[in-house]
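First chain written, first letter: the chains are A, B, C and D, and each begins at residue 1.
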């Protein structure tokens, strides 16, 4: 376990890719051996990202044109930080040559090629692989991740929604119907897209919903909720763009399976929920359950792989409100991918992440 | 109608008070004759707020200690921009001396002193006045405002929630049950409170829910929804603090009274909703109904008295999502108060506001 | 003077153009009769800028393809809000057809085509017009503006630098040598350019200098300083990009013509400076001279046509520090252009600007 | 060297203190054994700062009332993160009991008690200690730090100014006269002060100079420049507050000792400057010298102990412009203090900082 594993990143110039670079350069058991970027091919990491240049390796590693065959000879494991639809092209040859692949796009998150087509508006480029891919949510699929060749790392919104709901749904504490997820995301969630709507002046001093009512991430959220519920689940999901660089704050509206109509019943239910969360997450290194005095705040998780979760029962409405906060680029993307890599490679799960 | 009306502001050093100063200095039919502030008594408007000093009157008007008797001799109408519980002290003597009062606090928004006590945790200081106060939402209570002596100007969150829901509820298009309001507010919504949680570093790059699940504004929201529904209404309301100076974005989750299960039914319902909103707001100068291509964005309303409203039907969940955006200090506070004043004084309703 | 003047805007979809739209829609003596934009041709103002749609005319005015001949038949005066080098193409035919032109680009700000070429790296497209253009700084060139056909509205940085220095230089109170201007600009100063460096995530939580040491605006700054000094002037100018939407804060380091070596001499000099500024600006509606207790703050001028100026003598170094704050899109661009139009058309100079 | 050293923090609830907590919890050779805070005494680190609660020790360490005698028995080294004037009270007894002290306040940065009194407006509380304190700028005083008992960690502005100037001044490449430092600081530089001027709404969308022309940090800046120049130095320093959480960007205006009047001379001088910086900093782990294509940007250093430095010669003015960027809370405060601790304790200098 003391040897380092050589890894590569395809598409290292976007925000997720850059965050992978940050995490992998600092990782004690990994050697970042290859980074690719069409835009920056030929330049060193230090030239493209001055902020990494104090790292000894940043001056020697150069971006290359993406080339799956070459990569497969250089590294054991490849992270794909590419747009949806492009990842599959690289995953297929890499897997064929024996590389393990952790894909940060949506290409392998869905079990059904039909659902993929419904939400992503084109045929799935490699439907045969869907059955073998493991959804890289370590708190749920840890044992499957251990032996995976292809890991589909979850989306940022799905992570912020699934981790709070899944234990409650599995325990039957909440109904699988009528779920609402209202999410607020920092602008890095859109990626390093050079489009007018993401200009500073267009985002600063602005708050706005978007993709209402059918955001693509619904597909993987509902898939995973359905697996937990043992039945199809349809939810309401509204993303909003807010002027912060990083962070997702999700507020969930849930219906407890059993009504509570007074303070006593609420207290009783509260204990069940607390016990459920404790059972699920007390020993999880990256889930922070807040107490009755604290609510999640993105500033407490930015830069870390931690997701904060808090909940409140509302005796006036009979609803359970669960709130979560995560860094969309870390627990919502690259940190979670590294967490999966740690499991896959037999490293301590928190290596390079705390 | 060509004469100017003398008005005063009690508590002109908070954010709502400052915004009232801005609007009233520029108002063509008003003379801002008195401003009070314990903190700044003796100083001119120009000294306290350099940004107003290009206005000719800003160098002559001085802040005074608040004194209801004196004010009543100086002005015909007084705006109270004071904390909850303090407004009533000033409203009583001002009204007794014949002044009209527009109160921006919560003191006179509720019809029931009991509900006030439940939500504000102290006895109402002037329960006799509750019956005479008019809730200053011009789009709903225009005719009552016209003859009011005491106007209770609505809260910022309530405005952003009530204007989108009321027409639908009155028309019976949505159910009065299960309503959820998820709101995002800029930091000025907290007032000019010098508390650690509102420091720049604590708010910037941070998003957080607060006051979950029972925010005080629920009391006036539910009161007004109940009046529209003709029956008690209990809603879920979750406010969040986001790092912008101004603006509230509210996302509402509503259940249409009639189910829609396919695209045709959705289109039909959509037309009814559109007709309902057109009937309610097409001629309202400060309500902007967005079309199917646009969603509300706080940056399009900041600094104006306009509220933007858009809606989407979700055939997957059967829900109606309505979204609104307003400037919490203008349509959510001072602009709306000036709008009420315009009605009360017989000015054009948009005077000083466009 | 009660008639309205028809005006047009070429290039109305950038930030300066949008700000012109805002100011001209609200202007009491102007009818905005034409707006052009290649990108938005065919759409109404209300469609492109929902925030203006409460204005009655915003639903009827449509963007058209820019066409100088047509424009000249529709309006008396045209604002050009175009990139450097493009304005001249439109100015020439408009002037030929008798239209007055207020150009917000740098095309006509320099008196020398050679200097233009040095700083803008291409031949001047219409050198013959340079002699007839008036530099649209009303506080300096008011009488020339009155009779101009072609006004070259100053740049945002130049305005923030020239207004504080010119009176001192003309009065011989400061030396024309060794001047340093250190400026901080909000991101809208870059225009609505869809480039990676202006993305929200790249600007937020970032501060950086740029164009060091030879920014293009030096050419017009030094031209105007030289005219005031009666001799060539070379200055140091360092612009920085800071994460605000609007506002320029400039800090100037100047050497008083006469040394001061103690408090008495400093006090004496301070009075001369104060008298000089009072003589220059006491009756200027858009220059706010701050007292010894206040320093400029962009938040006090944003949205207005005001420039704030303060100064401090430093007996330790013998230097005079002068600081200014303005809104780069208003006094630094569109507001100043409207101010020039007011002078040109014989309107009150503050019409539509207060 | 494999043993951990026990350290404590007095005043751990401010921003510098919090940053020390972050760095020391993660430090491989340190045990954070005591944290004090009057405000939070009795609470655990995890309770006060939820964001540290994933760290195993955060749930066991409790804030205590500050007590020098007790601390001296618990730890070998104490960081003082206290206001100016308060640190000395703690330093004296801690030193007497054999503790090493790293003070982040200004109390021990000056060699002269008279200069202290001039700038801090009260008598120095422990003038006898001034001679023994070492100014904790590792790039300059590394060998003295190694054997110090009392380290006065430099201020944030001074670090951003001294590191770029000192090598040039020592090499005689720039004149010690006429130096100007224009600095832009994020709001955390003001500390966690609950004052109106640091509220979110007062800082956001605002830029402003302050403390013009005589900021307290001038005293230590001029002291260190004088030591490098071998003669008294008086500089001009203007700090500005900008709306970012962290980061200082400093722009320095310097006069080269030898004039350069053409491109050849500039190129020659440029090489000398480059060689001077290379000699001083090429092997420094926390100084990043930028090449001719890059300028400093605070976003590239935030969260790290790195200072970025770039320079440009201006043949038009004959000046040298040097620019630096650092994180005011890391290289400007807590990171630099940890760097000093590493030297003092014989740890690798980058331990816990990369």
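The working rule: a residue touches a chain if its C-beta (ideal position, glycine included) is under 8 Å from a C-beta of that chain, and two chains touch if they have at least 3 such contacts.
What you see is a predicted model; the values in this text were computed from it and never measured.
Trainee: Compute the shortest path length in steps from chain A to chain C over the network of touching chains.
Mentor: 1
Trainee: Determine, using the mean of C-alpha atoms as each chain's centre, which chain is farthest from chain A.
Mentor: That would be chain C.
Trainee: Looking at B-D and C-D, which one has the bigger number of contacting C-beta pairs?
Mentor: C-D
Trainee: Round to the nearest whole Å and give the separation of the Cα centres of chain A and chain D.
Mentor: The answer is 37 Å.
Trainee: Taking the mean of the CA coordinates per chain, how far is chain C from chain D in Å?
Mentor: 39
Trainee: Express in whole angstrom the distance between the two chain centres, defined as the mean CA positions of chain B and chain D.
Mentor: 46
Trainee: Which residues does chain C have that touch at least 2 chains other than itself?
Mentor: 202, 204-205, 243-245, 297, 299
Trainee: Can you tell me which positions in chain A touch chain B when the two form their complex?
Mentor: 180, 182, 184, 202, 204-210, 212-214, 234-236, 238, 240, 242-247, 249, 251, 253, 295-299, 302, 312-314, 316-317, 319, 321, 323, 325
Trainee: Sort out for me which residues of chain B touch chain C in the complex.
Mentor: Its residues touching chain C are 26, 50-51, 53-55, 205, 285-286, 288, 290, 294, 297, 299-301, 303-304, 306, 308, 354.
Trainee: Please output the residues of chain D touching chain B within their complex, sorted ascending.
Mentor: 15, 187-188, 192-196, 198-205, 243-245
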